[in-house]
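Look for chain A in each of the two complexes below; its partner is chain B in the first and chain C in the second.
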Partner chain A sequence: MQLVEIVGTVLLLAAIWLVGNRRLDRAVVNLTIQALLLTLVALITAVVAGVHHMYGVALLLFLIKVVAMPMAFFWALRRSERVLEMQPVLSPVVATVGAVALVVMVYFAVGSIRLPVPAVMSGLLPVSLSVILLGILTMITHRKALLQVVGLMTMENGLFMLAMASTFGMPFIVELGIFFDVLVSAVIMGGLTHQMKVVFASTDTDRLNQLRG
Partner chain B sequence: MEMWFLAIPAVTACLCLFVPSPAWKHRINALGGLLLPIAAMPLIAQVLREGPQVRWGGHLYVDALSALLLMIIVLVGFCAACFSLAYMERERQAGIIDTAKLGRYYLWMHLFLLTMLAAAMVNNLGLLWVAIEATTLVSALLVGFYGREASIEAAWKYILLCSVGIALALLGLILLYFAAMQSGLMTLNWSELLPAAGRFDPELVKLAFIFVVIGFGTKAGFAPMHNWMPDAYSQAPSPISALLSAVLINCALVGVFRFHVLVVRAVPGDFASHLLLGFGIFSMVIAVPFVLLQHDIKRLLAYSSVEHVGLIVAAVGIGSPLALFGATWHLFNHALTKAALFLIVGRLEQQYKTRKIARIRGALARTPWLGAALLAGILALAGAPPFGLFMSELTVVAAGLGAPKGWTGMALLAPLLLAFTGMVYHVGKMVLGMPSLKWQRSAAMVQATSGSPLEWIALLPLALVLMMGIMLPEVVREGLLQAAAVLGGAGR
Partner chain C sequence: MTMELWTGALQAVLALVAAPLLQGWIKWLKAQMQGRHGPSIWQPYRDLFKYSRKGEVISGHTSWIFRAAPVGLLTTTVVAAMLLPSPLVAAALPAMSGAAIGELLLFVYLLAMGRFCLALAGLDAGSSFGGMGSSREMYVAALAEPALILAALVLMIDAGTTNLTAIGETVRQAGWDWWSASHLLAFLALAVLVVAETGRVPVDNPDTHLELTMIHEGMILEYSGPSLALIQLAVWMKQWLLLNVWLQVMVPFGQGWMFAGLFCLLLALVGVGLALVESFFAKVRIFRVPRMMGASLMLGVLALLARFVQ
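Let's look at the complex of A and B:
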């Protein structure tokens, strides 16, 4: 299972890169790379642990997260965004340093609680938790609606990785349900982003500031 | 066979989308809303008589707690469907929506009902997660239904906050599954986890529970994750606000409570109860200033939901049989009252063309029936006797005073009293006094929008709450006691 840890770590690096990234199209490329790595994790689990339904999961991951979603994202980008350069809340350097600090903190935190988990999990638990938190950090430090969706998907990638490493995935029917939800949520968020573009003439979530109190 | 009632909302949804005539869309929707309670009743009765029912090869598991939830879903669903008929027809005639949009509204509304029914009955905690996420997705479409700036903002905040929250709940579920696997159980079925929960690793289950409380708690409106709630409730069409506040939060709450039962068995000590008690009291305290200083009637109702959810959660945290009975009773009372109020306020909003509390003056003089309904509803919600909420609040506070830590009761009572004053103050401003001169001049115009008799369905839940305050029927009491027993961990 050492291989899984290596792939997981590469995914973690991708997530760190995402936090400091300044271009919309690169964010989508980053997400595609993450999904590809995740598919790899699923395949490794399927082969090494001999869990057959993980082949199905790998196929679904590939179709939905590597093929369908990036295509939809690029299509939406071409249609609605002229400028691919973003103005994130933090400068790339500060954001990346923050991301690395977050990862270090997660490693210390997981080290200190000492959960009674086997070696497989103890290696991947901090990696997955870091990816999940980096997803949230991405959502906080970017204003564009698309980046918030990308942050959310990064969180989900972290979760999937944890599920595969610790329990060889969830029961298959649950896995199917989760994929369905992920797909539908991407479609709905895409629709909302489009409406935002029509009504506000921009997809900056800064504009969403009417409701308070 | 009796499970085929699940097909009713699905069929209704599709028919409403494809039937061309708006009048028939309305009718089919109302018929679907009416058939659902009738078709679901045998199952609920069977659960109360014979105990938990397992269906569809163990995928569906209906115990008294699910039955309570089912009851709320079908009742409020029925009221919302009938009320939508009048409400949406008026929106259509005002040119706010067109026929195609009407079809989409009914499609999503009935799908929303379907996802909530699924959330109430699935046995597998993973599928419960899937169902709750599905409710978020469908209802986000309904929150953003009007497509205005504010509704898009509300929908975006709603779907993002709840998706992040629910992702954390998934983390909790993964940890629980891992704990189950370590003790040799390859399942997430609640009915199978329950007897084995005592063997789970306490540290893992603790960690899992924290994530689940944060995740499902976001959906249920625990402070400080409640921010989406006032936005979504105020922007959604009123019948949808009724469904969101009366039904949806209870689906998420039951998710938390089912987990809680497992955690209480797996973790010795008071950890889980204290966590719930803390979140409950914190939510109540946070809600109070927003209730007192509110200017928008629908947001007022949303913050009141935060407060009442806090009370229910705190009651489960106290955990004595009296508190658990109070919790289920309060959950039922609150759902019915809040549903009635959102429908009444929906009518009010259409009549007065505003949600601003300050702009609604002298409602008793201007629209006597509506004003009286609003007054009764808000008094019921604030917890005034003789309504059922008064009795259930009293039960929970009494349980709190009897808890090992005596201050618990006081900590519950103080926010309740403050919120009561706030509600009475606001409703006094709205229903009493004389309408302004400007209003009197334009009064003739407003009289023209006559009501439809179906709208008075909004008073049905309120009447039930009144009845439960005066005399709790034996069958309801029995049902609530059984649901409380599930909360207390008395499963198989």
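Let's look at the complex of A and C:
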């Protein structure tokens, strides 16, 4: 059962890379890689636990998160961004060091958390918690609207992995609800980014801290 | 003890003979990927032969260090090669397998000693390029060493020994279960370091003599003739040895010719990987190198974490 842990760890590496990343298009590529790895985790879970509807979940994950969402993101990028280089709040080095420190803390904290995770999946617990926190860190350290959504999706990936690790797959109807949420948020992001671009001529979220009457 | 010496001698001879071939293979692949005809795979052997027959020009400003350094470099590398167990030798002489000395820490620091010789030689001639090359080489080495030890530590702790032969035995017994999350992180950290230590593309470019960027070539700029042959051979051997170590801590090789063949195949594949990296990536600025080493160190730290906090 080390395979699922290995795939999860690679996803964690991708999330750490995302925090220190400086380019918009690479952030989308990163998210696609994460989604692909998440699909793999779902497939492995399906095979190991013998839960058949997890195959359907893996297929949906692939279609929505690996195919549809990156397409939507790239479409939004082409429409609203001319410069792909970002100006994050922290320098990439500081951000990456912070990300690693965060992961270290999660690994040490995880020992005192009692979650009903099956023993075979216990390796995924610190990994998915780290990915959730790294998603938040991404949202904090970046200003672009797109990166807020990418950070949110990273958090969602972590949550999804945690859910898979602790339950071997939720009921299919719940999974469907989650996918619908994800899809809707991606669509809203597209519209919002466009609207920001129209109003402010920029997608910097720092422009959103004032109310205009 | 005699047994170990004989095995060691065989391993060293194998490294001496095969290392230029690996170099030639990587160079040939790279040329093919870049759409060039390129030199043949056997060119490194021809180069060595050519250098060894030529005369040597030694600057009047050098001391004995300049003449001793190539010998020191090759000697330390050959001793390191004697320490490193090889699947090929194990297949050829099953009776002697497990007789390799294989001390990993000694191996690492023997290579560091060879590097020290070369850095001294670079300074000795007093040319500005040599000094710059030496200083950069030590800079990269100082950054790579902690990361290397940290990543190796994870593997050494799990095997319960610093002996490469015993680590290989542990890997063999564990089979593919050896591939856990923490080990994967350690392998990745080691991969970055192998690239840095062999002086390949993101860190150094082995093909150019461009003044502002060269590291290794800067140090050996003053050398010619037989001394140059010794240095080139030692450097190619180091590349062979590092790739060997990397594969052996990663892949559970058994004994016998099948595994020896697998080993050669994987080595060739790693060559393809290196050539790909050299074709697709640019060399990073020298002040960016700490970031690469930092990434490697980070992977090492995460590997230790994943190993101990479960």
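Descriptive notes on the structure:
Everything below uses one rule, namely that the second predicted complex is superposed on the first by the 202 of 213 C-alpha atoms of A that agree within 3 Å, B and C clash if a C-alpha of one lies under 4 Å from a C-alpha of the other, contacts with A are read in each partner's own complex, and residues count from 1 in each chain.
Rule of thumb we're sticking to: a residue touches a chain if its C-beta (ideal position, glycine included) is under 8 Å from a C-beta of that chain, and two chains touch if they have at least 3 such contacts.
In this text the structure is predicted, and so the values were computed from the model without any measurement.
Overlay on chain A: chain B and chain C fit together in the combined arrangement. Touched residues of chain A, counted separately for chain B and chain C, are more numerous for B.
Touch criterion not met for A:L102: it reaches neither chain B nor chain C. Contact with chain B, but none with chain C, is seen for A:M170 once the two complexes are overlaid on the shared chain. In the superposed model, A:Q2 lies in contact with chain C only, and not with chain B.
Once chain A of one complex is fitted onto chain A of the other, the partner contacts of A:L137 are absent, as it touches neither chain B nor chain C. If you stand at the C-alpha centre of chain A, chain B and chain C are 160 degrees apart, rounded to the nearest 10.
In the superposed pair of complexes, A:V110 makes contact with chain C only, with no contact to chain B. Superposition on the common chain places the nearest Cα atoms of chain B and chain C 18 Å from each other. Shared interface residues of chain A (contacting chain B in one complex, chain C in the other): none.
Those residues of chain C lying in contact with chain A across their complex are 177, 179-181, 184-185, 188, 291, 294-295, 298-299, 301-302, 305-306, 309-310. Contacts from chain A toward chain B in the complex involve residues 113, 115-117, 121, 132, 136, 139, 145, 148, 152, 155-156, 159, 162-163, 166-167, 170-171, 173-174, 177-178, 180-181, 184-185, 188-189, 192, 195-196, 199-200, 205, 208-211, 213.
Residues 124, 126-127, 129-130, 133-134, 136-137, 140-141, 144, 147-150, 152-157, 159-160, 163-164, 167-168, 170-171, 173-174, 177-178, 181, 186-188, 201, 203-204, 207, 230-231, 234-235, 290, 293-296, 299 of chain B are the ones touching chain A in the complex.
Those residues of chain A that touch chain C in the complex are listed here as 2, 5-6, 8-10, 12-13, 16, 93, 96, 100, 103-104, 107-108, 110-111, 122-123, 126-127.
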